[in-house]
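In what comes next, chain A is part of two complexes: it sits with chain B in the first one and with chain C in the second one.
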Partner chain A sequence: MSARVLGLELRRSAALWAGLAVAPAALTVAQAGNGMAVVIGDQRQALILMMPLATAVGAWQARRDRRSGTSDLLGTSPRPAWHRYAHTAAALGIGVVVAYALILVVAAVFAARVGAHYPVDYWVKSMIVTAWLTAAVLLGAAIGRAISWVVTPPLAALSMLVGLTAIALFTDTEVGPGPHPGTWLLPPAPSYDSYITLLTPEAARAQLVWAISCAAAAGLLYVATRWLPLVALGVAGAGLVAAMTLLPEYLHQGVQMDETAVVPVCTPEEPVVCALRVHPLVLDDLRGPGGEALTALSERLPNPPNRVEEAYYSWTGYPDPWMPEPARDVVSAEIYTDGSGRLALTPTETLWSVALGAGTAACPNVPQEMWDRDATARVVAAAWVLQETPPEPDPDGYFNWIPPPNVTRPAYEALLGLPEDVQYAQVAAYRDSALACTGEDRLALLLDGES
Partner chain B sequence: MVRAVDPAETTPTPFAWAVHAEGLVVKAGKRVAVDHLDLRLGDGIHGLLGPNGAGKTTLVRALATVLKPVEGSLEVLGHDLTDHTDLRPLRRTIGYLPQEFGFYRRFTLREFVEYIAWLKEVPASEIPAAAQRAIDRVGLADRADHRMKTLSGGMVRRAGIAQAIINDPRVLLLDEPTAGLDPDQRLDFRALLRTLAADTCVLVSTHLVEDVAAACSDVILLDEGRLVFSGTPADLAEAGGTESSEAGGDSATERGYSSIMRAHREMG
Partner chain C sequence: MISPSGPHHAIALLLRSRRIGPWLAIALGSTAALRGIAGLATEAFTDRPDVSAAFGFYAVTIAVACAGPGLAGPDLELDRAAARDWRPLRLAHVVLIAGLVSALVATAGSSQQTLGPAAQILRNTVGLTGVLALGAVALGVARCWVPGVLLTVAAPFLAFRFGGDPPAWAHVITWPVEIAASRVSWVMALALATVGTAAYSLLGPRA
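Then we have the complex of A and B:
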């Protein structure tokens, strides 16, 4: 490899444009407040856009000789053609990798400034994304060299976009034993991968092996003369076989909980509110409404909770979700964060989120036909604790799941119509049931005292 | 700048002619463009003349190893070009300016010439000096760091000549090298050719008869792929007779060219 020629290609080829192909990844920096796992996860999904762009740039670069009319001149040079292509391929690869690395560094700096979480496999996931980007730009170059038409770059990009979109739309990633674990080998990752999960070592190795072998095969296809296309196919095939043997038996077994991400970070003084390790900035926003809700709960409930913790759950433990154990003295509040890692709820929404279900988390095992009744019970219990009328549903906001007022308000008034000691007793019974997540009709328990 | 002489350059060559063709047939697509041509070229400047479609460019492309002969024999510096295997050593010793000189528009002149030097396997440590020397020789030193796309047509042609001589070739093939050059640049080009001629076989394909008369040691005339004339520029001029003769042309050489071509066509 000639450093002089490589430098020349970096300056004068489409290597810089290849770097711009990863621009969609820059948008994910806005998620840095939620930790690097979210950033990388979003970047993985952004491959649907980045890979077609990289393919187009590679195909454009590969048409340079045709565009420039240099085939006679370069075809009579003593140096084998693959030397030229290898330097161009290296420049394209470096363009993509450096641009993506810069974005990662910027995101990491933002994440570090807000104290967001850096799981170790942040590097592994980013290497997988890098390998896919490199594979895309080199595959584009191989296509552009083989089919040197003006329309090749846009057609190659469009084909890649359609292919990846179809994969995203039609791949079965439902939780459970159904989906094939090979889904992990597709560029956009299954949605199991979240801010509190890590790839298992097996799944990470399988994805890395497959993505790198695809990049190597695409590179060989681009520089190929004579027998090298067969070697490229061999490399891709060997990578696929190796990856398949590394994959877990079921799709959902490709991720595991990042137990360090869900460690609670709490305020040192009363009221005690806690956020997940990945969302340290939430504490400032949660303290006021969380404390107000704790006060209301302590005034209305026997054995009231004394702290609020950010809720979480993950299907990594299928068939049971991974979620905090219900505890009488802890409210597990379902809250949302924005890209900067701050609370995405208004103080009122936060207050209600803590008071929902009289300070209990939603149970994961509610049958679908009972969802509306369970939701109504949760809202009515919160309204009783806060002594406020149930809010109206907000299609675009946090309250989008709340049943309409003609359901919640009659139920709330029915509860208020009961004698006061009965109200206290039935709310306490409701709370016991919600903490135990037993399969009862909790709206009936709340309003009638029996399910 | 004084160039170091490689011992190989002073070693006696194992071949009599730099270019030697016998019964050479080369096709341009499906058309026979060079038709049973016999040719022997040694060191010096050889002008290749002929009308459009005479087979000049096809012959140059065959010598440059772009096209493979379909019949006859063709040797360049002792390498048999009827078999296109292991051309690498030969290609290191050839300089080639195609008729349609393609280049990378985003490269600077220096970058492009250095890139071609790398492709011609000039030792890495020698590339910067070799590129500077080639650029100086074509008079583009003040444009060395300009992008190729900003050069005028004449400058691009000179850049093409610079890349062709970057490896100090033993055989230099120039297809229409003076196209786009102004009169001063053509004079400079002829002077450059003379400096190369001592130890190089230079083949200049052109339709400008006066360039051949002024710069070449001998002339080859092709028509419809066949050799029509081979001799010195003086022989060509002599064939044209006097100004009052029937042959058209402003100079004796042009009249000689016209006269020979007309005679050949009348015979054919």
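Then we have the complex of A and C:
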């Protein structure tokens, strides 16, 4: 390969445009505060956007000879045609790879600023994204070379978009348990992969092998003359077979918990408030309201909790979702972060979320007909601890689920109407029941002392 | 018998120079293919009306984008040299694209709204035809599909990212995937259609 010709191709071809097709990946960088698993996960989701654009650029580039009327002239050259195509393919590939690498560098700088957590599979996933982008631009070039109509670029791009949409749609139903490991081979990652999970080494290898084999096959298709298209099919087929043998039997077996992401990062001083390592900025927002809630709980409860820990939930513990273990001395706070990795709740909402159920997590086994009563009990217990009237539901905010004031406030006043020692005893009994998640009517327990 | 210099002959030549035949073939083929995929999807996802609307949107985009190369004849200079006012013909061409595509896609998806509600198809066709015409004026006919394709790629993604509560500026991009009752989406589509059609009719395409 001639460096001079490659340099010419880099300047004169659509390599720059191929790089611009990768631009949507840059939008994900601002999420670094939520952990780099979120950044790379969003980049994989954005493939549904970037791959059609890259395909269009490849198809546009491949029509160049036809567009400029030089096909016949170039056909008279004794140089094999693949020499010429190889330079163009390399220029297009360099365009997407360099652009994506630049985005990764910017992401790294941003991540360093916010102390973001890097999962160990981050770089493998980056390579998978790179391979898919390269595959898309080269497949577009192969299509553009084979069918050099003026409408080929938009047709190729929109066909890619329709294909990816249809595949994402039809495989979305397969997220549940079942033998559908092939879903792992789609460019956008299945929703099994989350901010606190890692791909297993086998699943990561399978995805990488498949994506690279697709990129290689697309490149071969573009430069192919005579029998080389058959080789391209062989490369893709071999990649598929290799990937399938690496994939686990079930979809959920392709991920594992990222133990380093869920390590608690705690305040050094009392009262201890902890957030997960995966989004450390949360601690800045949780520290104040969490400490305030702990102080209130310690004033109102016997055996009060002495720390607040961010709770997390995961499907990794299939068949049962993983949930925080109820503990008397720890409040598991349910956390919602915004796009930048900060707490999405206001300080007041955070304070209430920690105090809910007198510092207990919601039980997963509450029957549906009891949801409203259980929610009322959780809000009333928090109001009693904080010595504040229950808040009104907020349809657009965190409090969208709580029962209306005409339900919570009479219940709160009924509790306050009891003798003070009875109030303390019934809230303590309520808390014991909520920690044990026994199947009782906890609103009756809170207000009447018996369920 | 059609005389070589008669109006019928002129219309036949005009339609040929505007590549109406290949465009119709591609529009019919792509709409049929998307109707097939959307049919499978609507059977599988009976509770997801947005799915059929998405495929209807794609069908409209493909049919409209493929009309792009026909927005100019093979030789722009030759057209300009002709002693003919092209403005009414250009206006008619844009109206023809919007009318044919909306009728084609709406008819293809008419059974159980397989390609989405007809009002949504009409809105998207009108808006995207305006974008195509604007692209022909600003970028030339060879590249006039670019803004429409960018919009089609970005709109579902942005709408998904913003969920049910997009910021005001996002409607500029997400209007094609909004429901037919969304007033702002109609304002966007009609504004783009008006500006695009007016610019193309009055100024003509770039090479």
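Just so we're on the same page, the second predicted complex is superposed on the first by the 389 of 451 C-alpha atoms of A that agree within 3 Å, B and C clash if a C-alpha of one lies under 4 Å from a C-alpha of the other, contacts with A are read in each partner's own complex, and residues count from 1 in each chain.
Convention: a residue touches a chain if its C-beta (ideal position, glycine included) is under 8 Å from a C-beta of that chain, and two chains touch if they have at least 3 such contacts.
Being a predicted model, the structure only gives us computed values, none of them experimental.
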Clash-or-fit label for the pair chain B, chain C on chain A
fit
Reported in degrees to the nearest 10, the CA-centre angle with chain A in the middle and chain B, chain C at the ends is 50
Looking at A:Leu161, would you say it contacts chain B, chain C, both, or neither? Reply first, second, both or neither.
second
Applying the touch criterion given at the start, work out whether A:Gly75 contacts chain B, chain C, both or neither, answering first, second, both or neither.
first
Which of chain B and chain C A:Ser2 touches, first, second, both or neither:
first
Touch check for A:Val151: first (chain B), second (chain C), both, or neither?
second
If you stack the two complexes on chain A, which partner ends up touching A:Leu49: first (chain B), second (chain C), both, or neither?
second
Which partner chains sit in contact with A:Phe170 here, chain B, chain C, both or neither? Use first/second/both/neither.
second
Could you state the shortest Cα distance, in Å, between chain B and chain C after the structures are superposed?
14
If you lay the two complexes on top of each other, which residues of chain A touch chain B in one and chain C in the other?
none
Chain A touches which residues of chain C in the complex?
26, 30, 34, 37, 40-41, 44-45, 51, 54-55, 58, 61-62, 65-66, 68-69, 142, 145-146, 148-150, 152-154, 156-157, 165
For the complex, which residues does chain A have touching chain B?
2, 4-5, 8, 12, 64-65, 68-80, 84
How about chain B: which of its residues touch chain A in the complex?
61, 64-66, 87-92, 94, 96, 98, 100-107, 111, 114-116, 118-121, 124, 127, 163
In the complex, go through chain A and note every residue touching chain C.
24, 46, 48-49, 52-53, 56, 67, 150-151, 153-155, 157-158, 161-162, 165-166, 169-170, 173, 396
